[in-house]
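Below: one structure, written as structure tokens.
Just so it is clear, A, B and C label the chains in written order, and each chain counts residues from 1 on its own.
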Amino acid sequence: MSSTTLPPPHPDRLLPADPATRELARELLSCVESLPIVSPHGHVSATMISNDTAFTTPADLFVSPDHYVTRLLHANGSSLASLGVGVAAEPHEVWREFCAAWHVFDGTASGTWLVAELHDPFGIDDTPTAHNADQLYQRIMTRLGEPSFRPRALLDSFAMEVLATTDDPLDDLSAHRSLRDDATFACRIVPTFRPDAYVNAHAAGFVNRVDRLIDEASEGRSGYDGYLAALRHRRQFFIDAGAVAADHGVRTPLSLRLDRSSATSLFERLRRGDVSRDDRDAFEAHMLYEMARMSVDDGLVMTVHPGSLRNHHPDTFAQYGPDSGHDIPIAVDFTTSLRPLLSDFGTEPGFHLVLFTLDESTFSRELAPLAGFYPSVYLGSPWWFLDAPDALMRFRSAVTETTGFSRYGGFVDDTRAFCSIPARHNVARRVEASYLARLVGEHRLSLARAREIIVDVIDAAPRRAFKL
Amino acid sequence: MSSTTLPPPHPDRLLPADPATRELARELLSCVESLPIVSPHGHVSATMISNDTAFTTPADLFVSPDHYVTRLLHANGSSLASLGVGVAAEPHEVWREFCAAWHVFDGTASGTWLVAELHDPFGIDDTPTAHNADQLYQRIMTRLGEPSFRPRALLDSFAMEVLATTDDPLDDLSAHRSLRDDATFACRIVPTFRPDAYVNAHAAGFVNRVDRLIDEASEGRSGYDGYLAALRHRRQFFIDAGAVAADHGVRTPLSLRLDRSSATSLFERLRRGDVSRDDRDAFEAHMLYEMARMSVDDGLVMTVHPGSLRNHHPDTFAQYGPDSGHDIPIAVDFTTSLRPLLSDFGTEPGFHLVLFTLDESTFSRELAPLAGFYPSVYLGSPWWFLDAPDALMRFRSAVTETTGFSRYGGFVDDTRAFCSIPARHNVARRVEASYLARLVGEHRLSLARAREIIVDVIDAAPRRAFKL
Amino acid sequence: MSSTTLPPPHPDRLLPADPATRELARELLSCVESLPIVSPHGHVSATMISNDTAFTTPADLFVSPDHYVTRLLHANGSSLASLGVGVAAEPHEVWREFCAAWHVFDGTASGTWLVAELHDPFGIDDTPTAHNADQLYQRIMTRLGEPSFRPRALLDSFAMEVLATTDDPLDDLSAHRSLRDDATFACRIVPTFRPDAYVNAHAAGFVNRVDRLIDEASEGRSGYDGYLAALRHRRQFFIDAGAVAADHGVRTPLSLRLDRSSATSLFERLRRGDVSRDDRDAFEAHMLYEMARMSVDDGLVMTVHPGSLRNHHPDTFAQYGPDSGHDIPIAVDFTTSLRPLLSDFGTEPGFHLVLFTLDESTFSRELAPLAGFYPSVYLGSPWWFLDAPDALMRFRSAVTETTGFSRYGGFVDDTRAFCSIPARHNVARRVEASYLARLVGEHRLSLARAREIIVDVIDAAPRRAFKL
């Protein structure tokens, strides 16, 4: 295994091989490659940016917090402990283990991003191996000590214009507020309201969190009324701090409209623990409906990320906690699940609902038809396992013939891997250029129009869908 | 947004970019591009053809009745009322709204058809815009006044050889009969028996329609026996008027064999309204089974269009009626659902069952395996949201490796958009040429054999499957 | 229909048309085209190899036992009886029927294999037709009489290194033992433990088979304990005879952990016939779980083939028996179904679980994410209807971006069609070369690394996953 694993990023990487189509793709890519990044959904920490905390080690930057990376290393025989997932680990050893197993990322989306990240900003084109691991570690450490490698400087170098974080409803958003008030920092960091922990009635600790929410934010009201009031109140608090969206990570997109008295009674039974599994499902479905109602009222864009069975392996969850790499997708039905919600809110002026999926079979079957009728529904970009060059292309091919380009919600990187942000956006731009180049080459679009479309898709779409 | 949206139809449009493959595709396309059109399933009005009624306005021809077009305009902010859907609207204004939003069709199947339709027969290559809308309106109006733009003359110019309509079982088919008796009109217009309104036990007004069916067609028999007799009688009436097929638009392809006494008792309870939701489902499943039995007996080809949740948005349905653009697909199971029907009729000589789907995941998983065993089962061409260049190609790639070409039911345009008929068939021919060109280029077929296959797929397949 | 149907196998067959990509694919193919064949799952008879029985007729070699071939002939109008399926038939007539319908295989995977098989080893490049059928029959018969066309000589000429059979747990494996002891025969023939008939509680005759299993192998223990002991005992017997894997053909991959007393009581009720349909499902799910436990203990690789509804057409099953061409896939859920099994065994050292599917929608949604976390889970190669050039390519595109290449279980031919074995492996090698050529052409991998990967995927992957 002595050969170079991945070449350094080639200017034509990910562009189609046919020479004429590649030439068109290059031309289209040139329209967008250097545009600023608008990132309306992700998992970077606002506090880290606010404090401009230097990154500590290559292990913390590239390996331990990135479950895309650690899961595949785990599948190939590493223990999560040795990768520093959820537990402390010696960073040199984490890095060595990562470098020694570099080949497992060949052909993966993560591999593509990692190559780009090492090259830019770190200037590393050597393939990591067990042999050069320590040397690479040192080279990266040297850089991490430089001012230009602090989070804010990196965001500047990424040309980040907007970066959304994902936050607990009771977060005080002080980091966001201080960033907003800082005239020396141009990038707009906006919080996202993520109420899962307060509406997911199956989660351990749900009742305690609800109690705390009511205590802190209901302004004296109690019970179900206080609960709704507290959620509304915190949403407004987020809006005041710059939030544009509320995000909902649900197992299924089931929605249900309960009348007030049924909802109240179910809520009280939940707090007493006097409920069945179906009751908990019903409450969650009802709350998805209520969250849509609140979005109609307060204007927060509603984003829904359904269809992941979280923490599939109980022992790993017990030992390493959530987001440790074993959330596994399930088949999802949007059409019937969302019908109650869309029946009542789907044509409400100003309501924006961005739907994400991990189930490709819904691309053409459900999502494109829904977004092709409801003015509120936007197509979320391919998510997680599907945020990868071929999968992005399958998405384009599956939805565009029904919805065109106008119903797209824009690319979303959805990442906690800081340095992968520009790499991910760059990949998405290359895929759009390649797709449009094919349409032009097949005489389905003029080149002039394709130039306009790629700018719209990359730059205008996320601003439009996320009200930026 | 000043550029030309779509170029006028290019001779190589939709053909693959690789030069050698394109050359093969051109050669294969030339074998079929000018063949007559056989259209065994669609929604054009026989009365309009019989009366040879001139089209009234561009809005009525291109916009208001075409839910492919109006749904996407609606998603992008138009009200259905302003598009003349289900209500009267000023046609100039409908047309202006359509032209101003022309860009939303970029990359869509509808966009491809519309460009072709404006070019031929209307000679228009200008991209519609808000600015040229009135001028285009006038140019089209001028043409619509000419004799060569009447329905019959257009059908002649389309080289239509067979055109099937879709009709209510109690239709008197007088238009079909007069067309058949008209020696001056060569195109064969055949009715299709569509009994949904009389077998869908969930639909409002079901019982009244059943009563009327029994009154008008049971020849004195009553109850369940009279109901079946009336259906049989009307099928024969359709056959006598030239029908070759019966079409079934069902939510699911569930089939169920009830014995006569159970069916009779369920039917009586249905008429009294003394039924559960499950009872209604059971009746529908039983009637799909009975319809197959009738097809075995009388030879009408059975076509099934399952998996659309009709009228997803209740308010829109209440205001604008059915077919207003919010029928949304759901996941479909064919394998277990059709088992009762296929167990009893799947190998019956002469029985033809053409299966359509909106759920791509069934292409390779269920439809190709079923059509690859049962002599009765034919693969319906990709339907509705899937009648689009890339989706047609995915269908070919997904089913051909299991079933070859012989189990294909032929392309079906399934449209009420009159001028789109030749455009749709032309797109299908281009996709077949492109697919076969790839197989030839990859040395999977000889060019000589591919020439034979494309003629068979385009011309012979629909005649074979639909007994034309 | 006079043209040549399929050209003789072209050196570039199945390689991509773009000239530069094809050149890369040729180069990558050359790294693996002549490597020995490792075939860790299939349905060839060990007795036939042990006895080195000459093949009798072209009909028996190419048609009657191959349900891929007979099903499509049946769909196109042949009776299974006339093809010699499950009943005796005059072989000349079977062969004539096959040759006359040769065109139905155009574009199919079977067609690709058949062309290759006729060419090599039989030296036939003529397209079979009704006219040359008798002459081809004679040419093949002549060859079948030659020593070099006996099974062992053919396996040598195929460069078979390992060939796994699939065997009943009570098989005495004498053929395997005699082959292993035969120093003149180099190919390693290994049995595979397939306990379906003894764990599928829905199958007719289940209780009798279980009784016999306990009688023969429980070493005096009785009841549920004896049943488990007998299974363990026979697994060890297989291991001693060279087995590396146990194969499980289940309708769904549902797994369930019953405690010992529940399992015992359910088992006793099953033997008395005192069970519901759900009870039978529960027992099967529990036994899939127990089989995983046994694999953890004894090291047999566990392979699971779920999602086929066997014997869809009851009359055909009654007349022709199982494997007569009407097993039809259904949608499958792996994520929730396998959770009990993976929760307890998914991270057990040495446990290997190879998952196959007939449901493409699970490629990216479930299988890649599972194999991308659990060290035990390997991706089975596309199975049955999906073992075809385009489907293999869709698999690669769907899973590689999540799992890379390291989680692949290697190509499996899974066939009883003896001469198709090298043809199938050759197709898989061409697809891998084409896929990797695209990645190299798109600058996603270096050519040097792609050369290493293709050797790993073709040669090392099956050895790794199947512990060979």
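Worth pointing out:
The definition used in the following text is that a contact is a pair of C-beta atoms (placed from the backbone, for glycine too) under 8 Å apart; a residue touches a chain by one contact, two chains touch by 3 or more.
Everything quoted here is computed from the prediction, not taken from an experiment.
In summary, the chains found to touch both chain B and chain C are A.
Of all residue numbers that take part in the contact between chain A and chain B, under half occur on both sides, making this a different-residue interface. Look at where the CA atoms of chain A average out and do the same for chain B: the two points lie 39 Å apart. Contact with two or more other chains is made by residues 18, 331, 361 of chain A.
Within the complex formed with chain B, the chain A residues making contact are 18, 20-21, 331, 333, 335-336, 339, 342-343, 346-347, 361, 364-366, 368-375, 377, 397-398, 400-407, 438-439, 441-446, 448-449, 451-453. Chain C makes touch with chain B in their complex at residues 1, 3-7, 9-10, 12-19, 71-72, 74-77, 103-109, 111-112, 309, 312-316, 325-331, 358-361, 385-386, 388-391, 394.
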